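Same chain, two partners: chain A is paired with chain B first, then with chain C.
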Partner chain A sequence: MRVVVEPSRYKIPLARPSIGVAGKTGSWRLERPIVDNNACTRCFLCEIHCPVNVIRVEPETGVSINYDYCKGCGLCADVCPVGAIKMVPEE
Partner chain B sequence: MGLKLVLTGNYSIAYAAKMARVNVVAAYPITPQTSIVEKLAELIEGGELDAVMIRVESEHSALAACFGAALAGARVFTATSSQGLLYMHEMVHWASRARIPIVMGIVTRTLGPPWNIWPDHTDYMDQRDTGWVMSFAVDNQEAFDLTLQAFKISEDPRVYLPVMVGIEGFILGHTTMPVEIPDQSAVDEWLGPRRQPYVIDGSDHLALGNLASPEDTEEFFMDIQNAMEEAKKVIAEVDEEYSKIAGRPSMGLVECFKCEDAKYLAVSMGAWSGDLKEAILQLRDEGFDVGLARIRYYRPFPAEQLYERARGAKGVVVFDRAISFGSAGPIFLDTLASIARYSRKTPYVKNVVAGLGGVNITSEDFSKIIRKFVEEVESDALVPFEWYHRRGG
Partner chain C sequence: MSKPALPYKARDVVLPGDAACPGCPIPIAWKVLSAVFGDKMILVIPASCSSVVVGMYPGNSLKASVIHVPFASAAAVASGVAEALEKRGVSDVQVIAWAGDGGTADIGMASLSGAAERNHNFIYIMYDNEAYMNTGIQRSSSTPRGAWTTTTPILGKGEEKKDVARIMIAHGVPYVATASIGYVHDFYSKLVRASKIKGFKFISLHAPCPVGWRFDPRYTVRVARLAVETGLWILYEYYDGRIHLSGPSRPLLDPSKRKPVEEYLKLQGRFKNVDEKMVKSIQEYVENNWEWVKRHM
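Let's turn to the complex of A and B:
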């Protein structure tokens, strides 16, 4: 199957997504997820479920969250099977 | 020259998809389309066509599957009818606005309720504003030719829009006639490899359909309109090139049948144009200067060509097998707008809506309607809109 990609002279509704195209969305946050990495079982559910892809789970260090872009939706806290993530109101 | 096969309209479309060497077919069965994709399944199963048949749970999914495969670089084909086409309608817009080449066969069938499997053009006309290039065949040979050409038009960088090819269910769909199939090697050389403006196959981070500003969005749509204008040239070019392979003359967007010197011009689209041609021959024998401009492409609408054909005529009668309820037939509206676009002086233009729900309209009916139309024009008593309906026969 051969495909020739030949650009159009017209506009195409395509975009290249990148972190933070809408600015640092962390400022939208009303509640901050706080992680207890001692309780964390490294199940990766929070990383998989994060809708903005700002959670990383490392086997050694546990969960880290990029608060510059985390909007505080609380999905990670909701899916955590051991209650290791708590949502705390922002100051 | 290739083969001559005796094919139904549906099989003609299936064979055209085969000659285009489609990679992916996804479809959901619906009368009267089903035998197109049944034939393709048979060709794939028999090893005559190297393609993947994706079975899906609905027409919406059928076009979604085709769309995904097309995004990834596959040449795709699907077909549907009537309610199925309506169910697919959201994806129809996705394909054109994403500028992804796709070819689809539409085997027209009346919309319900009441339940009805006979053909008219209402399901097809419902796709009018989707941004697809839309052609419509008069016979099985043309169904084959238009479908094969659709791949070339759709994949032209000046167009990059999906193309739908219409035929009437049963009247063409399930009746046979000899169809000339060109040589595969000639088709391969003419059609070339799949072309598209971008590929989404996981090798690069691309997102389609992101939020865009009102201004950007409007510019995307302005480009579709520009591409439609370009498509008029591309269609004529492709038809011309294809005529060399096929060994038959090209017709472009509109077929002109005895229309050069016609004082009275009929405008129509689809299989019943065959009956209309018979009526025109009969009326010519009776001394009426009648001709026919037959729409082969409804989108882009051949405005210039129709104006050129209509400008010298005293009267134009437009036959529609669909209606925009509360207004008139869609071809009539486009024809009137086309003429008015180029001239303030318009001939008498009449709309006859007929054949809805699959009511059979014969050459006798056409002769009767046109005789009456000429009388109306000559006595300056035009009835601008008429729903011609009859029972029996």
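Let's turn to the complex of A and C:
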């Protein structure tokens, strides 16, 4: 007997790329990275190393951070060669 | 001037809001992978922290293909995927087995050895956080001597760390390298070189874990760099039958250029209880490793 499978009746359980699979991870943060864009030399080291990929360095405007997801690890402040990032306690 | 791949090509694939602990080395490494391969990569991931980090169905924190597989099978599945791509004539997608030290040095060793011997065309990356982190910091054969884990709670681990890169060199595969989260550009160029070589490639990636190693999450990169600067973790590539030292490790051929191992150990709570005798013998381990490297250069 030949079993005919109707493709439309099956859903393949494929996960899709999505932002925030663990929620808005900014709520985990105990300390907030604050950037002094005047001191920043645009070396990109903070952006390259941020584990959450929330830092963007733009040559003209400097560093911006997406605080909705930044986990406050402080790694960006530690790799910054000129100390342009400070960690300050969250309210 | 063209824009450098790091950071520009690393912007899109690793998505914010994954389930990694703050300061986790895993997504840092994935950013480097994406800078080389973009979304043209298939990661084969056995049970580990990484399986959790990417998130639960229906989400995936990576804009790339991920195949979740049971323990021990990563190298076997990656072999099959690589062969299937070849049969279909797909040549612009990189297959990468991405496994922890437990899933490689212990549980995945047999299938890893098989894939290496058959010389399948993919890159196997063992990210080495030196214990079974996902299940609560149990020791693995890749945990270094002296380190505290929940299964070596009093005296620390008594046995030496298993050197998987050497085991892979002994397989005679075309490319073996060591890399570190502390040197992302070095890791990047190793991936580029590996991607141009046909056959089996192995990279052992040192990946300090703030949770399991007991250090402040801001120090992940600092700890990784200290492992290299003290000479404990030697960065090299092996191809054409010999070891080629990588840039950051090259000056350290001269022992006087190496920092004392204490500088690495003292940042980490897992080494809190090591005594002077242990520090001395860890220093000896460093010297012996370098002798081995020198003999194979």
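FYI, the second predicted complex is superposed on the first by the 74 of 91 C-alpha atoms of A that agree within 3 Å, B and C clash if a C-alpha of one lies under 4 Å from a C-alpha of the other, contacts with A are read in each partner's own complex, and residues count from 1 in each chain.
The rule we apply is simple: a residue touches a chain if its C-beta (ideal position, glycine included) is under 8 Å from a C-beta of that chain, and two chains touch if they have at least 3 such contacts.
A quick note: this is a predicted structure, and the numbers were derived from the prediction, not measured.
K.L.:
Where does A:G72 make contact in the superposed view: on chain B (first), on chain C (second), on both, or on neither?
P.N.:
A:G72: touches chain C, not chain B.
K.L.:
Given the touch rule stated above, what does A:V57 touch, chain B (first), chain C (second), both, or neither?
P.N.:
second
K.L.:
Give one of first, second, both or neither to describe whether A:K11 is in contact with chain B, with chain C, with both, or with none.
P.N.:
first
K.L.:
Check whether chain B or chain C contacts more residues of chain A in the superposed model.
P.N.:
On the superposition, C touches more of the residues of chain A.
K.L.:
Taking the two structures together, which residues of chain A meet both chain B and chain C?
P.N.:
13, 15-17.
K.L.:
Can you list the residues on chain C that touch chain A in the complex?
P.N.:
By the definition above, chain C touches chain A via 4, 6-7, 10-11, 14-20, 22-28, 31, 54-64, 66, 184, 210, 216-222.
K.L.:
Could you please specify the touching residues of chain A with respect to chain C in the complex?
P.N.:
13, 15-25, 28, 44, 47-49, 51-54, 56-57, 66, 68-69, 71-75, 77-79, 87
K.L.:
Which stretch or stretches of chain A touch chain B in the complex?
P.N.:
My answer: residues 1-17.
K.L.:
In the complex, go through chain B and note every residue touching chain A.
P.N.:
These residues of chain B touch chain A: 23, 73-74, 97-99, 157-158, 160, 192-199, 205-210, 212, 216, 219-220, 223-224, 226-227.
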